[in-house]
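Pasting the structures in now, so scroll down.
In what follows, subunit A forms one complex with subunit B and a second complex with subunit C.
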Partner chain A sequence: MADSLKNKASIVGIGTTPFTKNSGVSELSLACQAVRAAIDEAGLKPSDVDGLVTFLLDSSDEIEVARSTGIGDLTFFSQVNYGGGAAVGLIHQAAMAIATGSAKYVVVYRAMNGRSGHRMGQGVSGQVVTSDLIHWSWYTPFGLLTPASWIAMSAQRYMHEYGATRDHLATVALTQRDHAQANPNATTRGRTLSREEYFSARMVSRPLGLYDCCQETDGGCALVITSPERARDLASKPAQIRAVSQASFEGQEQMTSFYRPDIARLPEMEMAARAVYTQAGLGPEDIDAACLYDAFTIEVLMQLESFGFCGVGEAKDFIVDGALTLGGRLPNNTHGGLLSEGYIHGLNNIAEGVRLVRGTSCNQPERADHVLVSSGVGVPTGAMILGCAE
Partner chain B sequence: MADSLKNKASIVGIGTTPFTKNSGVSELSLACQAVRAAIDEAGLKPSDVDGLVTFLLDSSDEIEVARSTGIGDLTFFSQVNYGGGAAVGLIHQAAMAIATGSAKYVVVYRAMNGRSGHRMGQGVSGQVVTSDLIHWSWYTPFGLLTPASWIAMSAQRYMHEYGATRDHLATVALTQRDHAQANPNATTRGRTLSREEYFSARMVSRPLGLYDCCQETDGGCALVITSPERARDLASKPAQIRAVSQASFEGQEQMTSFYRPDIARLPEMEMAARAVYTQAGLGPEDIDAACLYDAFTIEVLMQLESFGFCGVGEAKDFIVDGALTLGGRLPNNTHGGLLSEGYIHGLNNIAEGVRLVRGTSCNQPERADHVLVSSGVGVPTGAMILGCAE
Partner chain C sequence: MDPDLTELEGRLQQFIGRTIGPPVVARDCVTEAAIRQFCDVIGDRNPAYRDAESAVETRHAGVVAPPAMMQSWVLDGPPREGIEKARTEQDRLYDLLSEYGYTSALGTSSEEHYERYLRPGDKVSAETVIESVTGPKKTGLGEGWFITTRTTFRDNADAVVGWIEFRVLKFAPKQSVARESEQPATRDPERPSRIKPPMARDNAWWWQAVEKGRLPIQRCAQCGQLRHPPRPMCDACGSVEFDSIDACGRGSVHSFTVVEHPQFPGYEYPIIVVLIDLAEGERIVSNLIDCAPDDCRIGMPVEVVFETGEDGMVLPLFRPAEASS
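Presenting the complex of A and B:
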């Protein structure tokens, strides 16, 4: 595949703001702080940057960020739709621009006042517009108004079908909360979680309780992408993109693909898995660590199957002996993830993927030669595999 | 430039709906009609398509269009911001996806009820949100609320600086209205325009009168992009992309870059010009025809200078002897353009660029080996050069 994106681009800079519950500043300010931090970390100047990509949901346009940070001319700019599904899409966009010479240094970013501003958990009530009206009219009258309510549909079916229980969900939640305790920027640092607390917490949307749901967070995250050749001249250790792909499957809706034959599986994630394994020439056995998208605990179980770490319905068995912990088969979300670091719409999980490859995670596993990162579950999404520079 | 986008992708299908003042159907319906028509015209099946790109302003999401047209899985999807500036950006996106193997057949589309629904001429009143609030607060209190009012600022300055008059603007308007008379899908077909009518029409925003402003149109337009190799196997004559680039210049705002040293020029368009000429290895002397973005007549004059067809301030002299007509130096918007065919946000100008290269325009010039197409003026934008397959 002469024309594939394998090893055509590298991530060379990470920038984050503090993750809080009340930033006290605008989303544009958070975006600019993160973008500048990423550029600084890469050892570049703002004027080196000639491409910007963000989430369609982001409130800070590329040109506002460019003007406010000292970035000058842009030869490439685009946005990706579908909430958390966009995270890997941003990297896909940047990698294409780098591979085709459309830009030299691309910064991707996401900043949100996800707690002090509009909260994800508020759902779509009062916000449904345009052609979406038709779409949502099938769901909102039945109380399906929030991300938790949509994912609960699949969760319920998955647990019924394969015998997974809330005890298995708790294992995901506790493992990641434990990881977060070593992460200075985790919003839950200092707040450990016991199995008793997990079970005594209030139900949000059955079978998902409070600790099955990710944080709502104010903060920003940005990453710098360039070519492997240019990456060699920079200060930081690059994370090379072995493979990156977007994926939307037949019958795809945004969070509500309930008319498919089987709602207990994630066909778009299985599609992304096939794409990145083929592109990288790797299989699940080659993946040392992962940052699987974790807006809800159940999503981690489902993705372990999508990416072939275990058979369909077997994730509950895969995780029991600490497989997702630092010493386990697949250390996952070593920073705490969206559940326990903060919810910057999944871009912060990609940042952790880069740290793992660099060897600088707050919970660095012994081996992290190949790290898998996915984006949003239940939406048009994507996946990528990061590795060391060749 | 081994990694440039030169000759890496071709446009192989055009689809349009009727252009009207009242479609009577939803924008999603228009989008799907245009997308299906483009796929049919290319001789493909919906299931062949694996990439979709649209304007951020479009109300029909990629997955809604995919489900409604029989397109299945997608390996690539993105959107481009900044109104009419997005048109060429869509082609840029598609070309990158094709060149990197991220998709095999990409459809780009734009559909809008631009007359019966939200009218562009209504401007931003009551629609300003989020970080844009800061931006617009500098302009809206002074009555700068609509596209005509923003462009009038540059138009006034340009005319003052270089001695262009409304008589020159009229030449642009009349030439394109004349072209539209041969175009079955032009909304102004059968409504010729005289210089007297031009001057007696009401002023919209001085110095721009009614006929200096583009149509407000209901309709959809879509294009299919694939590799030059795959294009050879298809029925239609492909238009090969010799060069394509996006461009946003330092100090860029969306329609209101009034704090730059010189508002009588278009630095982002000059940047796009340099990029496409360099990429294609061509200069203005090689361009046989053009579809210069024409939301307002003045924009055509300014772009003739940006793309080097004449010196700065000399467009008024360039156009006087029918340079923009069928037998002239640079036949421009041979379909009537946004001024007289209809306003599908500039994507319909790209469609005409393809027809010119195919030799199927309703006003086909003798020679159209290289056709230049630009997108939105006063916004982050882009340009492309189309040619015959090599």
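Presenting the complex of A and C:
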């Protein structure tokens, strides 16, 4: 079972819209543009596509996208829950559909007016009494309303236990901002960030400040997944899925898993790490580059430990000598990531993983045979490893 | 007497007995079509108003207009672009009172008197006189002046067909601060409150206990395991039966964040949100009060305190405590 999805599917097309602060169009329009762009890039016709997967949070349903893009008939469609944790889940769904023959070409997408429309940072509220709403209600009366405040609780404890400081968080922020300067589609291109600016910016939810938080972004992103056999006949160099897994760990809550003994670690991410390494037959030493989910800087530090790039509590030492930069041990989020390219809920990080394997990143490292991509931190999540076609 | 008030009274006196402007002449004669439309709208089925044949049989010997239509014949049409409505003495009277702080108006009574039925072909005119201005009177809405006007309606031959006496209270609305001081227990409904939990089967019992000043921890009735936040089934033994124990209210800060941005209505910032290790072993999220944000530390001892917000909701909050032995 462990290797059942190994090399069973490939990513063969990437489509993105411009990433902006005000798209001026509907989220459905963004979704359709991204999906069409991905199909075109793969060298396919819309009618070739028979599967669509998106986020449960996405406002554009599969059938609306299918109608508007000319995809037409669908044999597989699905939506994945838990915010940014869904990103890898989409690939997981698609890979399963391809491996089982439920679909031949699956497009996964996420499109959002994340700045001009509904803003993630604007807190939770709701009318219908669901288990999810009851969950949030243990926090809303106390003002714990936003993603930054939820992750800050773990961040404070992590920094307390291991001596990491905001200086280490700044290193993550600055590294990725540097990467974004070479990316034409990054929302922060042309806006470099200095350590002084990082420290003089306002606090959001201590210990996290403005530049510890990702970019609210309008934009869409889509990827085409098919079998390795079909991938050989297509235009672009495919990125083969070596391993993909979802992970939700005991005691899991959405962003508030505060009741586990140790809140300074990410057990669901450690679980995803075990799954993908086992599935791919690889270890952290085989990973050349990564796109670690980065809605907040602290998440990168914590994941370096989850995925075994360093020991628990050692991320602060791992990153000091430029380990996350282009020439470093683990070039990370070479496009700028959610922090500096844009926040398309992590699907844009998977797109960069594909580019790295293709060799077409705006910051292409010397070696990118195996690229690790993770999705949302603090939520039910997942991870994947991409490699070249075998 | 207040000199301002004396001056106002003097100026108000000058309006009494004046016509507010030239008579208003109806734009159209009374017609059967207009009568029928009026009756359709208000649902009046009287054949004397709507049916020429039946009306002949009535004592009117033909169609007449419902008396209540009297004022409608002289009403202005909708405002037309480029045509400024002439200002009347009534407008000037209202302006004068507004100038003195009596800014709001409320119609308080209207009395109508009819001399005869109007018939198709009649053309109505109306003249309004300011009959009296009395005050200042203290009312439930605030201090104000009652203005009484009488509008007399005439036909083509200048014979009176009816009149309307209309009374308006022009008043200074009571300040909302005054209202708050009179009713300290009542909260301004416009003021937003924090986001409250929905009360449902799995959580309402917990908040109800908090309201009584208790800090309950859910306990499995079968295996005795504690769990917080409350959930409907014990993950250890599968039992859906539970009771609760009351936490002693002491604990220590396991982690915290100081929330500064964004700021939502109903909350006061910065907020120290704390994750507390309760003495009983469970954890709970709450706020730390009576502590400066910079003084909050992981590991500091805290104790519960129950606070009732101005929205009436009781919350278990925590404050710094002496280290327990």
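Just a few scattered comments:
The rule is simple: the second predicted complex is superposed on the first by the 382 of 390 C-alpha atoms of A that agree within 3 Å, B and C clash if a C-alpha of one lies under 4 Å from a C-alpha of the other, contacts with A are read in each partner's own complex, and residues count from 1 in each chain.
Here is the rule we use: a residue touches a chain if its C-beta (ideal position, glycine included) is under 8 Å from a C-beta of that chain, and two chains touch if they have at least 3 such contacts.
Owing to the predicted nature of the structure, the values given are computational and were not obtained by experimental measurement.
Contacts of A:8 after superposition on the shared chain: subunit B is touched, whereas subunit C is not.
Comparing subunit B with subunit C, more residues of subunit A are touched by B. Of the two partner chains placed by superposition, only subunit B is touched by A:96; subunit C is not.
Judged by the touch definition given at the top, the superposed model places A:203 against subunit C, while subunit B stays out of reach. Using the contact criterion defined above for the overlaid structures, shared-chain residue A:141 touches subunit C, although it does not reach subunit B. Overlap of the subunit B and subunit C contact sets on subunit A: residues 129, 131, 134-135. Note for the complex: subunit C touches subunit A at residues 194-198, 200, 202-203, 228-229, 254-262, 264, 267, 271, 273, 275, 282-283, 285-287, 293, 298, 313, 315. Within the complex formed with subunit A, the residues of subunit B that make contact are 1, 3-5, 8, 26-28, 56, 59-64, 66-67, 72-82, 89, 92-93, 95-97, 99-102, 129-132, 134-135, 245-254, 271, 275, 380. In the complex of the two chains, the subunit A residues touching subunit C come out as 121-126, 129, 131, 133-135, 137-146, 149, 152-157, 160, 202-208, 256, 258-259, 263.
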